[in-house]
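The two complexes that follow have chain A in common; it is paired with chain B in the first and with chain C in the second.
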Partner chain A sequence: MNFVSMAYAIRTGPVRNQLLCLAVFLLVVALCPLVMNDYWLRLMVFVFVNIGLASSWNLIGGFGGYASFGHGVFFGVGAFAGAVGMVRFGLPLPAVMVIGGALSAALAALFVPVFRQKGLYFALSTLAVMLVFETVLQRWTFTRGLRSYDLGWTLAPSLPLEGFFYLFLGLLGLIVGSIIVVVRSKIGYALHAIRKDEVLASSIGVRTTKYKAITFMISAAWPGVLGAAFAPFLAYVSVQSVFDVSITLNMILITIFGGAGTVIGPIVGGIALSIIDQIAWGNFLEYHRLIYGALIVAITTLHPGGLASVFWGWVERRRSAAKPVPRPSAPGHPPTSAPRRA
Partner chain B sequence: MEDVLVYGLLRGGIYALAAFGFSLVLGVIGIVNFAHGALVVFGGLLTQYLAVKFGVPYAAAMIGGALGTGLLGAVIQRLFVARTFTLEPLMVLVQTFGIATVVTELGTLGWGSEERMLRLKTGLPPGFMLGDTFVPSFDLVVFAVSLVSAAVLFVVLGRTEFGRAIRACRDNRESAQLSGINLGRTFEKTMFLSGTWAGLAGAMFVTLSPVAPYMHFSWTVDSFLVITIGGLGSMLGALVGGLVFGVLSFGASFYAPTIAPAITFGVLLVFLVFRPQGLLGAGPAIRK
Partner chain C sequence: MATASPLPAPLLRVENLSKVFGGVTALNGVGFDVHPGEVVGLIGPNGAGKTTLFNVISGLLPPSGGTIAFCGRSIGGLRPDEICALGAVRTFQSASLLSGMTVWDNVHVASLFRPAERARVESAAACTRRALAFCGLEDCRDEIAETLSIGDQKRVEIARAMATGPKLLMTDEILAGLNAADSEGILHMLQGLKREGISIIFVEHDVRSVMRLSDRVVVIAQGRKLAEGEPDAVARMPEVISVYLGGRYAQGV
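Entry: the complex of A and B
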């Protein structure tokens, strides 16, 4: 079995095989601390968090086609839940992670009325909610800091660096695993229909608002969990550090770069952009943002499906070269290129 | 209270100018242009550059800055957006955001990242009293110019062949093409118009407040807010929205400066939930 047909078999095969692949990938990455120093381990943690956030965003933005431009609010709320919970109430890390996820999901549930509107309004209102929360969390003395003059939270790192590495690697596995399962479930099929043509989907009995709301809650809960776990790693949590617009933008960029609406997209995009980031920081510090922006323009203009579509396009070509008559593809697998607007 | 109303309205004229192009592009091409704020800032800095570096009189610099920005918009449309506007809206959002980053970074490399402002010596009296409120006459002139340019845009869109083509493409793309309208060229002209008025907004704003490349995103968001308040797909809505937004944002930062953004965006949320078509919107203009 050559590489091309193996990749194709995994993509169209049962969920079990995909999860197995994920497990193998995680196990290989789990060996990294044996050969890496502290700098690279810290960097890997950031990469895990970025991929985890992008994968969560991909669920509503990529698979559902509803771009959330304030997804950073869920990460921020999670981080503040972690900081407030651990410092003010002395809760353990697992407890604040659950609280962070639950708070974010509850916040996402408030968006149900907006889901009856068009995607553009959704994008705007998520952005607005983020800016509202940013201001409120900064002003409210309960969340601003422990003492009345504090502007942030100082946390003691509750785990050694290797501990954080495995914690975030495990979380990444859970997030990607849950997305693999969700995409192949009834929710995933409903999302596919909504993304292709929402009016048509609702006319044949897909309860679009319900599925959008469920998806958005899942997609919001994971950044909440990640945020809460990230708080002790960051050691100092303030509005400036966890509500930065670049957190949301990174989620979107990583997803689009890798391929929106594919499970592998955010993973590939996260790794690729991190490598580019490292090279750009190291060699052309002045032009760092310029290179980033130019890359985004290039990928969206030339290959809107992202790196994943480049890869799958190559696989399809190899397959059709090997077999003159292509088989009809299996139902329900994600589209290779960005679908045309209806 | 009168202060807030007067100063808010005076600023609102510029917000309306910035929002016209945003609304036009959204209605006609059907995309959300995240590079719109970058165009506003580019127009402001180009005007300042022309006036300071080459000593061009302000009126000429303003027109030069506006036309230069319009040209940049048309180039963006031809090279980039023309390839992606039929894809999912998300793609264009991300693409135009990338363009905004590139324009901003190139602007920073060329002009520096500091805040710049253009102080004009107009020889006008400093201002007059309206009741208990001091009205600076220069701001009033800027407001009047913004209203005049809004009127020009209305005439261009409503009375000329060019405007009719643009409106035809907005209302029904296929029919417009069947009537012999070149879709690609019309979109480029739309983007030119959008960029020109964005540049004009920047050119006027730079005489009142400092402008710097990093401000581009807040201009995009503000334009977004203006047309949400005013209503999508309606030029009059953008004008009304701009004035309302001017009063709202000025009032918020006047009465509650610490939580001003929260108030502005809270009002936006109320609009989104209860009146998503805005004050004067023609109903949902886009499908997704």
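Entry: the complex of A and C
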């Protein structure tokens, strides 16, 4: 079996094979601490968090077609849950991770009325909600807002660097694994129908609001968990550091660069953008932002489906070259979000 | 003792239905019944309000006035998915398949989201298989839906509607753009659905097909019901000929 047919078989095959692939990938990455120094391990943690956040965003933004521009709020709420929980209440890390995820999911449930809106209006509403929360956390004494406490929280790192490396690698595995399962489930079918034609979806019996809400809650819970785990790693949590608008922008950029609406997209995008970032920083410090931005514009203009669509386009061409009858691929959409039955 | 009424209770009863968009009255006091297993043809000039009527019955638009009862239950203002779950499903004027999905998946979406009582009787996969077999689509189940011919795409739409387990199917110009052979195939399928006891509201501009398939024809024009009756009788009504059919059709019948 050559590479092309193997890649195709994994994409269209049963969920079990995709999870197996993920497990192999995680195992290989898990060997990194044997050969890497602290600088690279720290960098890898940031890459894991970025991929985890982008994958979560991808669930509602890519698969569901509802671009949230305030998704950073869930990471921020998680980070504050971690900081407040560990410092003020002395809770262990696993407990604050669960609390961070639950708080974010509960917050996402409040968004349900916003789902009446579509496109730009939905994006702007989510952005507005994030700004509201940023202000609340800045002013609220419980979260050490400006008024009566010091700004921000200082945490003792509760794990060694390798510990954080494996913690975030494990979380990444859980996040991507859950997305593989979700997009091949009934929810995945609902999301595909909603993204393609929401009116049609509801006319054939899909309870669109329910499935959008479930998806949004899953896609909010994971950033909450990541944020809570990130608090002791960062060792300092403040509104400026965890509510930065660049966190949301990164989720969107990584997803679109890699391929929105595909499981592999945010993983490829997160790795590729980190590599580009490193090279640009190291070699062209003054033009770093320019190079980074130009590459993103180039890829998204030439290949709106992102790097994943470049790859799958190549696979499809190789497959149709190998077969006498060409089989047209789905135009403009990388077809991983719904299963094919063979 | 009360005697049984000559007709069974209507499956769908539309009474005095109106729909107003701003200052435009799209539907004005429309009323008709659809009985179980009956095919009702709905004809009228472009802009008469046929699609608006479908949009209101299927829950995409709230009615401005009047009542819609389905299986004896008022459905005005329910969500489209609730109305679909009760057993009234529609097709759309432009072929509306989910792009990037196979034929199987397009139909399977509908099977997956059937209400629980129907899902208990038959598994989603079995339901999809049955709908595909009924529409003669088993051979192309793994094709990407939008790569099929228009005729086959319409079959997929009917298969998807069937998979929801409908009591009432509303087809909106399902024959538009089809050649004679494809049209014939679709008409045969609709007759098959009728034999299975499914009621159909058939909106179509091809009057000969409407007259052939329908048990009863409702004519609407400018948002009002103009006429209703047996196909032959409606085709002879002077007012129907003048607003819609034209003199040539009347002579041809």
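One rule holds for everything that comes next: the second predicted complex is superposed on the first by the 321 of 342 C-alpha atoms of A that agree within 3 Å, B and C clash if a C-alpha of one lies under 4 Å from a C-alpha of the other, contacts with A are read in each partner's own complex, and residues count from 1 in each chain.
By definition in this document, contacts are C-beta pairs under 8 Å (C-beta built on N, C-alpha and C of every residue); 3 or more make two chains touch, one makes a residue touch a chain.
Quick caveat: nothing in here was measured; it's all calculated off a predicted structure.
Peer 1: Contact-wise, after the overlay, does A:Leu103 reach chain B, chain C, both or neither (first, second, both, neither)?
Peer 2: Neither partner.
Peer 1: Touching A:Val77, do we find chain B (first), chain C (second), both, or neither?
Peer 2: Once the two structures are laid over each other on A, A:Val77 reaches no partner at all.
Peer 1: Touch check for A:His192: first (chain B), second (chain C), both, or neither?
Peer 2: The answer is second: A:His192 touches chain C but not chain B.
Peer 1: Could you let me know whether more residues of chain A are touched by chain B or by chain C?
Peer 2: The partner that reaches more residues of chain A in the superposed model: B.
Peer 1: Scan A:Leu273 for contacts with chain B and chain C and give back first, second, both or neither.
Peer 2: Neither partner.
Peer 1: Counting only touches as set out at the top, which of chain B and chain C does A:Val136 meet: first, second, both, neither?
Peer 2: In the superposition, A:Val136 touches chain B alone.
Peer 1: Could you tell me if A:Ser202 is touching chain B, chain C, both of them or neither one (first, second, both, neither)?
Peer 2: The answer is second: A:Ser202 touches chain C but not chain B.
Peer 1: Would you sort A:Val239 into first (chain B), second (chain C), both or neither based on which partner it touches?
Peer 2: neither
Peer 1: Taking the two structures together, which residues of chain A meet both chain B and chain C?
Peer 2: The overlap between the chain B and chain C interfaces on chain A comprises residues 199, 338-342.
Peer 1: Applying the document's contact rule, which stretches of chain C touch chain A when the two form their complex?
Peer 2: 58-60, 79-81, 84-85, 89-90, 92, 96, 98-102, 104-105, 108-110, 112-115, 141-142, 144, 146-147, 160-161, 164
Peer 1: Any idea which chain B residues touch chain A in the complex?
Peer 2: Listed in rising order, the residues of chain B that touch chain A are 32, 79-80, 83-84, 86-95, 97-102, 104-106, 109, 217, 221, 224, 228, 258-259, 261-262, 265-266, 268-269, 272-273, 276, 284, 286-288.
Peer 1: Spell out the part of chain A that touches chain C in their complex, as residue ranges.
Peer 2: Contact set of chain A toward chain C: 186, 189-190, 192-193, 196-197, 199-208, 327-331, 333, 335, 337-342.
Peer 1: In their complex, what parts of chain A are in touch with chain B?
Peer 2: That would be residues 61, 65, 67, 69, 113-114, 117-121, 123-125, 127-129, 131-132, 134-136, 139, 198-199, 245, 249, 252-253, 256, 260, 286-287, 289-290, 292-297, 300-301, 304, 338-342 of chain A.
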